[in-house]
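Take a look at this one; I'll ask things after.
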């Protein structure tokens, strides 16, 4: 559902998110190297946990920005748009909690 | 802790793990594109959850192989090596559960 | 931080939450019985996972109600109260995602 | 699947597990009291996260004991019993990671 009006919350921090996602991409390549070199399972698992934590913190950042910009703007505007935005945010939170 | 003797459990499935990790690397690039193009926060969060699930299933696969090869071999050999291997596996499981 | 003004979001569903929490209390007693009777570890672990899921869904429900009532009211009132409420909600979400 | 032969791993720590599960039961009652008294949503969510962590650590303890007793005994005995026990342990770990 494309948000037309105000820019999304994360955009003022766009470079920071790109930097973190590039690092995560690097971690994915690093895992491939570890498997290529047949490194020890537990060492690979340790890196996977680190990458999962990095992804988790990106998602918590995006969610925080979404709540304080997109959801706040919709709530300020009121009406069905606000309800849809809140429902959507809750569903995204549920996906995060359950992933 | 480098495992010297028997090859690690996952090695007979090495190509499969490399393929899945390349896909995860592609997902990381896809997320960068979404941020670059300033796509909607919720759509990005949905992709982050999908990538987290993909990572989770790689880790569960590696752990399963580790238990049924590295831990089994150590248990069969017995002695302190087996205890160390079991402790190490439990710590890796705890990191996974808590990440 | 006690919310004085509008009643909390979940209160209109209070009986439902009490029912679910009583069931969770029953699950905790059930686990004690399983341990008392020295039942098989895996069967106990299966019940622990079920209880964790039940707790998770209570927390997602409470969070959804909190966003759509307490946070919305604070945003509508605007000012520092709204910022505090959003920050608090994000921290609660982070605790949930990381637990 | 009832384990007939050796006693389950956790039994030598039975009292400790019963104590922790009684505390978790108490937390469930505490949550009911908080809802009964219409306490603030975020304070209730904080307690839910604490209870989830307590459950998580019970499950990690049980799993560690299961690996180092039930799985080790089955591996020492060898044959299909060992494979079944390893598969079962991996499935329990997957449920924990995904809950």
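Lettered A, B, C and D in written order, each chain numbered from 1.
Heads up, the rule we're going with is that a residue touches a chain if its C-beta (ideal position, glycine included) is under 8 Å from a C-beta of that chain, and two chains touch if they have at least 3 such contacts.
Chain identities (UniProt): A, B, C, D = DNA-binding FrmR family transcriptional regulator.
As the structure is a prediction and not an experimental result, all values here were calculated from the model.
K.L.:
Within the chain touch network, how many edges lie on the shortest path between chain A and chain D?
P.N.:
The fewest steps needed to get from chain A to chain D is 2.
K.L.:
Where the centres are mean C-alpha positions, what is the separation of chain A from chain B, in Å?
P.N.:
20
K.L.:
Taking each chain's centre as the mean position of its Cα atoms, how many Å separate chain B from chain C?
P.N.:
Centre-to-centre distance between chain B and chain C: 30 Å.
K.L.:
I'd like to verify one number: the distance from the centre of chain B to the centre of chain D, where each centre is the average of its C-alpha atoms, in whole angstrom.
P.N.:
22
K.L.:
Identify all positions of chain C at which a residue touches two or more other chains, and write them in rising order.
P.N.:
56, 59, 63, 89, 96, 98
K.L.:
Please classify the inter-chain touch graph. Allowed labels: line, ring, star, complete, other.
P.N.:
Looks like a ring, each chain touching just two neighbours.
K.L.:
If two chains touch, include that pair; go through all of them.
P.N.:
A-B, A-C, B-D, C-D
K.L.:
Given the complex with chain D, which residues does chain B contribute to the contact?
P.N.:
These residues of chain B touch chain D: 56, 59-60, 63-64, 67-68, 71-72, 75-76, 82-83, 86, 89-90, 93-94, 96-98.
K.L.:
Note which residues of chain A are touching chain B in the complex, please.
P.N.:
Chain A residues touching chain B: 1-3, 7-11, 14, 17-18, 21-22, 24-25, 28-29, 31-32, 35-36, 38-42, 44-46, 48-49, 51-53, 55-56, 58-59, 62-63, 65-66, 70, 88-89, 92, 95-96, 99.
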